[in-house]
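The two complexes that follow have subunit A in common; it is paired with subunit B in the first and with subunit C in the second.
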Partner chain A sequence: MHKHAIEEIIFKILMISSCLLVISVLFLILGTIVCKGLPYLNWSMITQAPKSGYYLGHEGGILNSILGSLYLTGGATILAFMMSLPVTLYLNVYAKKKSILVSMVRFSFDVLWGVPSIVYGAFGFMLMLFFGMKASLLAGIITVAFLILPIMTRSMDEVIRMVPPPLLEASYALGATRLETALKVVVRQALPGISTAVLIAFGRGIGDAASLIFTAGFTDSLPNSLFQPVATLPLTIFFQFSSPLAQVQGRAYAAALILTVIILVISIVSRFLTKQFTRNIVR
Partner chain B sequence: MESNAHIRVQNLNVYYGKDHALKDISVEIPNKKITVIIGPSGCGKSTLLKSFNRLLDPVDNIRITGKVLLDGEDIYDPKAEVTHIRRKMGLLSQKPYPLPMSIYDNIAYGPRIHEERDKRKLDRIVEHFLKTASLWDEVKDKLHSPASRLSVGQQQRLCLARGLAVGPEIILGDEPTSALDPKSSQNIEKSFLELRKNYTIVIVSHILRQAKRLADYVLFLYMGQLIEYGPAQEIFENPKEEMTKEYIQGSIS
Partner chain C sequence: MIKDRISYPGKRLFADQSSEKFLHLFVILSGLILILMMGALFYRSIPVLRLQPLYSLLFSQGWHPSRGEFGFLPFIAGSLWVTGVAMFIAMPVCLLTSIYLVEYSSKSLREWISPFIDILAGIPSVVYGIWGILIVVPFIKDYLGPLCGVSSSGYSVLAGGMVLAIMTFPVIIHISVEVLKTVPYELKSASLALGATKWQTVKNVVMRRAMPGIVAAMVLGLSRAFGESIAVLMVVGNFARIPKSLFSPAYPLPALIANNYGEMFSIPQYDSALLFASLLLLLVVLYFNIVSRMILSGIKWSDYYYA
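Take a look at the complex of A and B:
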């Protein structure tokens, strides 16, 4: 056989087996969560707050952390978005392409992306001490917003960069200002990418535990104030896994299953909504 | 000499970094005529065209000296308002770029930006300019479907209508037919010949036959220099400069 043909075959095998490996690992994780969690999942789990002795296997549910996680991550995502969008629009529409500021901003976000979440937790904790706050929903929101800001900004940046320059020119040529062009043309054109970026950031935020230990705290009651501690799913999972009781460990898997389903539902819904809004995109 | 030309260029120099792209260009673009800028690729044709409505502004490291007078006002004067300048000119680029919105909104985008909110007036503007660009019959039943679904030729006519909708006096075309099939190119050329009655038109073209078909005046650029300028017939039949003759005969490209 020809040397090139052999090369082709070897690399094809390598690529396909890597793909299969990735998919099987994913399904193994999902399968474990479903198999171990499903038997413990019941209605009261998602409709009730924990009653006394819940973590010893008694009655109750984890509605406190489901709501807590949604509020916290939702707030953090909105807060991060309010900072990401102006930053990316500045980098791509306003700033000079090769300015030092632009490359510095991109570089710092790349570095921040790699900072472990416990460091964000410690930083958030420091801020709290400085302002005299205690562990609360608000502190958690701010900390997670910092955590997901680099992820959201850089993902958004990558898609907004792909908007073809002549499209901007077309808008300028009609007498539009930079702001009008940025908001009415660039954002619209990049909307699918922007919503994906927001989604990735949300997924990263809702799954993080380490940044919340000091900042959001934990509580058995449902979240009712920005200034009270709040329970979150990852911490619920963590606490229940640490239990020696099989019943409680099973509930940890069930909580993980709920977390996975939340992420799944949010991805599907937002993908569907984005599709409705983006019929007009230029390809 | 006092003249009433919309666009008067005086000693225009453009530098991209160290690259001297346009060298001391002075020219007047006659009103309500088609002026075609010809020349080999990289000679500065597009740069000259874009300098007319300040589309060079977003380019990094660009330096511009000299004047471009639009109706007597220097557009590079720091006090000049760039959106106002651009409104006076419609632009057709090499490849049509419809905005990411519906056919209707593409046309209405310009007028809306310039504070036109009356729905009925917008309807009339959209219809009128789609007719001017001879696109109305093809799209009148799907005004609210995405502009990106039109064919490339239709998109270019849409872009023409969109440009006209802001009420310009000048139309700029940067090789506006280069991405189109022959039939669509013909449509666009036909539109230009129609529009000449009411608009001053400047087109960049690297197709000599197209220049011959359209041009009233021809402007020949070579390596950033204005070599020759004059009525089309003179340039094509009896060029004064040796270089122009060579380009027209096809020995430099």
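Take a look at the complex of A and C:
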């Protein structure tokens, strides 16, 4: 056989096997978590707060951290949304094309996207000290909002940028102002993409542990105030896993399974939304 | 209703113009986040910079917070080792996968695979950590270690590198695929028309054209690996010495910060030292990100402009 043909075959085999490696690693991870977590998963785990001696293997559940994670990430997502929608609308509707400000802000969000979550944690911690707060739900919300702001903004920006310019021009031609165009034409047109961006940001926020170590604290009670510490799923997993008791470790696997399922559901819902919402879209 | 609006055009114009000012403020504020972050971290690390000169902070080995000795070299070395191993594994795998997805596979296969890569990107780092402890660490302890004639607990540079490599897969593959897609069809067909095989075309035309973008993708993956804390700290052993081999434990910078938040205020200057470590991390990651984003935007600079 010719040399080139052999080279072609060798590299094709290498490429297919690295592709398979990537996919199989994913299934290996999911499989491990399911196999380890399923035996320890039970109903009381997701309906009860930890009772006394829970971390020694006694009765109870992790409802506190499930709720805590949902509240915390929900709050952070709302906060980040309130910041990122105005920013993306400004970048795409108000700002002049080819303005330095626009490219600089986009660039800075791209760079912020790469900042490690532990650094956001340290930053949130400093803000917390500066305002004299202690580790609490509110501090966690603010920190995670900073963490997911660049993700949400850049993904929304990518969608809103796809809104066809003739649509804007048609709106202006009818006498609409920029504000009216932005809210009634652009937002409606980009709605599926915006909701996907929000879900992506939520998914990233709910899985993050490093930024919360400093800021959200930990507690056994259900979240009941913005100014109290709050338990979150990733940290619950992390702390329970360090326990020497097999029963408690098993609960860490089960909690990891719950977290993974939440994230898978978010990912599936966001794909579904993208398909469903596109019905009302002008193309 | 409509009559209302027509009779007060000033109101609508006012809303439009004031909203512009308002949104402008938001944009400026968001641009300031990065500067604020750096400034605050720098301000908080001044005490430790006063205590020890920068050079000895970065290049001395003694880590005795209670005696006021802060030498970050073991942690920096740990970070470099772990990231290096991760990139060594991730680079070829990601490059081959993205070339396969763009140049060889059918469109339907590509669409079938991309959600899986998205899911890989979405898995929380603490789950990667648990998986690392359950699978990677025993694998190194029971198979790879004995195979290389080393006895290792499994909690090692190699374990950290392997987990990190997997965590960087989605980042690198995603960007590399985007970059490879920008190679013009005409270039490839010209090469194929001259009688080159598909792989020769990929090697000599596609790769040459896409190289800057691929490098940028790798650098972004590298900075992701450099900053990851939870997953790494779970598998890497957390031992404050410069690692001697792949099988010895390490203590990367992010793990140091995440692990010691509890004792932060019990020892003077300790909090400042940890925030200095965060500043260091931020600066390194910023540098990598700025370089690679500049390369990428050189390919598609219009991306940042076109609205």
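Throughout what follows, the second predicted complex is superposed on the first by the 246 of 283 C-alpha atoms of A that agree within 3 Å, B and C clash if a C-alpha of one lies under 4 Å from a C-alpha of the other, contacts with A are read in each partner's own complex, and residues count from 1 in each chain.
Please note the rule applied: a residue touches a chain if its C-beta (ideal position, glycine included) is under 8 Å from a C-beta of that chain, and two chains touch if they have at least 3 such contacts.
Given the structure is predicted, the values throughout are model-derived calculations rather than measurements.
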Partner chain in contact with A:Leu212 - subunit B first, subunit C second, else both or neither: neither
Touched partner set for A:Lys97, first subunit B, second subunit C, both or neither: both
Contacts of A:Thr177 with subunit B and subunit C, given as first, second, both or neither: both
Which of subunit B and subunit C A:Met83 touches, first, second, both or neither: second
Subunit B versus subunit C as contact partner of A:Val248, first or second or both or neither: neither
Touched partner set for A:Val144, first subunit B, second subunit C, both or neither: neither
More subunit A residues in contact - subunit B or subunit C: C
Which of subunit B and subunit C A:Pro234 touches, first, second, both or neither: second
Doubly contacted residues of subunit A, that is, touched by subunit B and again by subunit C: 97-98, 177, 180
Parts of subunit A lying in touch with subunit B, wherever the complex brings them together: 96-98, 164-177, 180, 184-185, 188-189, 278-283
Subunit A-facing residues of subunit B, complex: 53, 55, 58, 60-61, 83-84, 86-87, 89-91, 93-95, 97-102, 105, 109-110, 113-114, 145-148, 159, 162-163, 166
In the complex, subunit A residues that touch subunit C: 4-5, 7-8, 11-12, 14-16, 18-19, 21-23, 25-26, 28-29, 32-33, 36, 83, 86-87, 89-92, 94-95, 97-98, 101-119, 121-123, 125-127, 130, 146, 149, 153, 161, 177-180, 203-204, 206-210, 213-214, 234, 237-238, 241, 252-253, 256, 259-260, 263-264, 266-267, 271
Complex contacts: residues of subunit C adjacent to subunit A: 12-13, 15-16, 19-20, 22-24, 26-27, 29-31, 33-34, 37, 40-41, 44, 92-94, 96-97, 99-101, 104-105, 113, 115-120, 122-131, 133-135, 166, 169, 173, 197-200, 220, 223-224, 226-230, 234, 254, 257-258, 261, 274-275, 278, 281-282, 285-286, 288-290, 293, 297, 303-307
